[in-house]
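Take this structure, written in structure tokens, and hold onto it; I'll ask about it next.
Each chain carries a letter (A, B, C and D) given by its place in the written order, and its residues are counted from 1.
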Amino acid sequence: MSKYQHIKQSAYEANMKLPKLGLVLFTFGNVSAADRELGVFAIKPSGVPYEDLSPEKMVIVDFDGKTIEGDLRPSSDTLTHAVLYKHWDHINGIVHTHSTYATAWAQTQRDIPIFGTTHADHITVDVPCAPPMSDEMIAGDYEYQTGFQIMDCFKEKGLSYEEVEMVLVGNHAPFTWGKTADKAVYNSAVLETVAQMAYLTEQINPQAPRLKDALIKKHFERKHGPNSYYGQ
Amino acid sequence: MSKYQHIKQSAYEANMKLPKLGLVLFTFGNVSAADRELGVFAIKPSGVPYEDLSPEKMVIVDFDGKTIEGDLRPSSDTLTHAVLYKHWDHINGIVHTHSTYATAWAQTQRDIPIFGTTHADHITVDVPCAPPMSDEMIAGDYEYQTGFQIMDCFKEKGLSYEEVEMVLVGNHAPFTWGKTADKAVYNSAVLETVAQMAYLTEQINPQAPRLKDALIKKHFERKHGPNSYYGQ
Amino acid sequence: MSKYQHIKQSAYEANMKLPKLGLVLFTFGNVSAADRELGVFAIKPSGVPYEDLSPEKMVIVDFDGKTIEGDLRPSSDTLTHAVLYKHWDHINGIVHTHSTYATAWAQTQRDIPIFGTTHADHITVDVPCAPPMSDEMIAGDYEYQTGFQIMDCFKEKGLSYEEVEMVLVGNHAPFTWGKTADKAVYNSAVLETVAQMAYLTEQINPQAPRLKDALIKKHFERKHGPNSYYGQ
Amino acid sequence: MSKYQHIKQSAYEANMKLPKLGLVLFTFGNVSAADRELGVFAIKPSGVPYEDLSPEKMVIVDFDGKTIEGDLRPSSDTLTHAVLYKHWDHINGIVHTHSTYATAWAQTQRDIPIFGTTHADHITVDVPCAPPMSDEMIAGDYEYQTGFQIMDCFKEKGLSYEEVEMVLVGNHAPFTWGKTADKAVYNSAVLETVAQMAYLTEQINPQAPRLKDALIKKHFERKHGPNSYYGQ
């Protein structure tokens, strides 16, 4: 048995959740699961339908994007995953989807405003939207540059990837991450819901106010930090 | 067997209806069922996925919010339930969800206008939206204060909790209640549908008129009061 | 066996299609099936959940609204069905729902404009919206008057109930009918789809033009009349 | 066994995917599969519900629209399929649906703007919308003329049917095609998703910019052409 079996299994199970959660059409998404000690991650093979996946088909790749094990070609977004794993030490799962509402916001190149507690239960700021990259970067190593595009956005906005586990890539679609592949998938579903609610909120009331700071703080601290009291 | 078995069973079954009715993502919702003679209610444990629930996992809490029986921590919204049970004598079930359309309206801080008979079949007024609470209240005992926020809204608007079994908490999400936990769940689904229809109505015709009084009265009395003739 | 068994069976099967087609929440809808020779129709009992229905529970009512057979109270909308059967000789099935998009249009008190061939495949005019009835009519025999409200709308607009098998009742919701209960259910699903498409069309292009006459005529005649060539 | 069994089977399987993908209500859609050597295609019979289909019920038609084999009448849109097969040598599958969002765009008579990479992964231009045909053409051989309406639109816009495998027919609904019937069905689902995302994008930001050329080129070439690297 492969010494990577555990992350192949994790990546497989997390990938299979995407169609169940209604986050992907056909093969428009991928999940990876990393093992920091081994310095690799398991990722979905490119263009393979979810119904044909198995743990064995996951591809093992190192943090420079080099395939270590597997007969299939890894996801075309593999280099973006690799860059994020290499630079962000505390994440072990990454998800990319083209989920409908989050992608629509990405296409508008707008951050998703924080309008309510559903949003604040997860992050304390607007969901950041990274601007489209320059033509030079696009013509270069595109998926590799997408990773830097995301990190640059976080640097410019002064965000921590450990506190904000999601981003919209302008004109493209969302990426989410987390301590595990499962948590990254959870974040993708939360983002899609928050994106739909924010869309509806602006349709109903174009002057809807942002959530006030006291509520942002309260809801986030219910679920995170030393005084959290949500869950078991 | 626990002497609270009957409300644990009711609360369990009512909780399980939320995902079936499409009203919750992950654990974003909770139902409680009260026994007035015993002075307690059974409520969903915090953060436990619906697929892992069982009647035994429900937590028994008294109307001051003190846990009476159960190994798990009760829902983080438990104090809101407790306050409402303590002050509103005739309700035996409460539901909280983050259902999409109702939550979007809550985020706009607007009441949902009464536009048609689907709405009037259930309540005769706009669905009230309680304003966000003051920063002092938020910093205090938040979930406890949420109960008062709801009751204050009903007092200011002159509403009866027995006639209007639903509210939007501004910037947050809906609460509904009823004579039973099942009725409270029913009200959550009705509210979500009414919220979606009102959203669409305003999109199609921003000048859509409120339902006229004669129709409000007629439809409500078809289903409620001494001359009602709906149902068996 | 009841001599009304055949229409009880038809009404039962047609009612059961409403939840499958996503046209009803809880008990918000009803279908009836008539036998013209016997001068009666079978209709859903009031307020009974779809999962508890059976052919035996259907109620037999005559065209004056008098219950002829059945232990349960018939739908609260029974008198509307009775009036339409009594005055419109060539229909044998009627459906009432609160389907989301059609109800939203009814709440706006607007006809649904004919924007495309999906609409013209079924009717050649805008879907008519009957204005809300006068306060006197509402205070009187409401469901009985709803039947006349529908017929008055058709008279004023010069429409034939045999060519236009659907109507929106202003501030309320849709009714549809047809040669059979199954056809009436089919019309309810078509109306919901046409209502959603028209809503989206106006959102995308508020100046979207009505379908031109040549296309209306062509598409309707593909499916209806002596030269139709759709179907077997 | 019929010598057309292979395309009957392909057409049957491709047709059955339409309801699974949520692209059709009742019988509002059809798929055909062609065999270039035999000079014929298999197509859905007209007005037959999907649940009653079988490979044997597919109708074999030549590229002039003449029925070659089969007891049932072919789809009313058969002549449109025939015209496209006759003039566009490299397609072997065609799909017509009235899917909700694509049809709404067709009803607005607008091209669908290219707003993001989901769109650019498949085509490099706006989804073309052919203008409604002249009254003379409508009164003539309508379905035959619909084929020319589509081809004329491609000529005027300078598009290649091999690069752009989808079109909206103004006031009507979409057609898609491809090297196989399966690919044509895939294109119908992609078009519906792209149509929904573009609708949402304009609702969220009416000034949303078109995707820039460098990104269009990059995403399309990831999936198409000699340097593509998507899939296995």
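By our rule, a residue touches a chain if its C-beta (ideal position, glycine included) is under 8 Å from a C-beta of that chain, and two chains touch if they have at least 3 such contacts.
All values derive from a computational prediction rather than experimental measurement.
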Those chains which touch subunit C and also touch subunit B: none
Where subunit A and subunit D overlap in contact partners, by chain label: none
Rotation angle (°) superposing Cα atoms of subunit A on subunit C, nearest 5: 180
Copy pair subunit A, subunit B: interface residue numbering same or different (half cut): different
Remotest chain, subunit C as reference, centres from CA atoms: A
Geometric centre distance via CA averages, subunit D-subunit B, whole Å: 46
Inter-centroid spacing, subunit D versus subunit C (mean Cα positions, whole Å): 33
Residues of subunit C engaged with two or more neighbouring chains: 203
Pairwise touch network: line, ring, star, complete, or other: ring
Pairwise chain contacts under the document criterion: A-B, A-D, B-C, C-D
Contact set on subunit A toward subunit B in their complex: 115-118, 186, 189-190, 193, 196-198, 200-201, 203-205, 208-209, 211-212, 214-215, 218, 222, 229-232
Subunit A to subunit D touching residues, read off their complex: 25-26, 28, 45-48, 72-73, 76, 98, 100-101, 103-110, 132, 135, 138-139, 142, 171-173, 199, 202-203
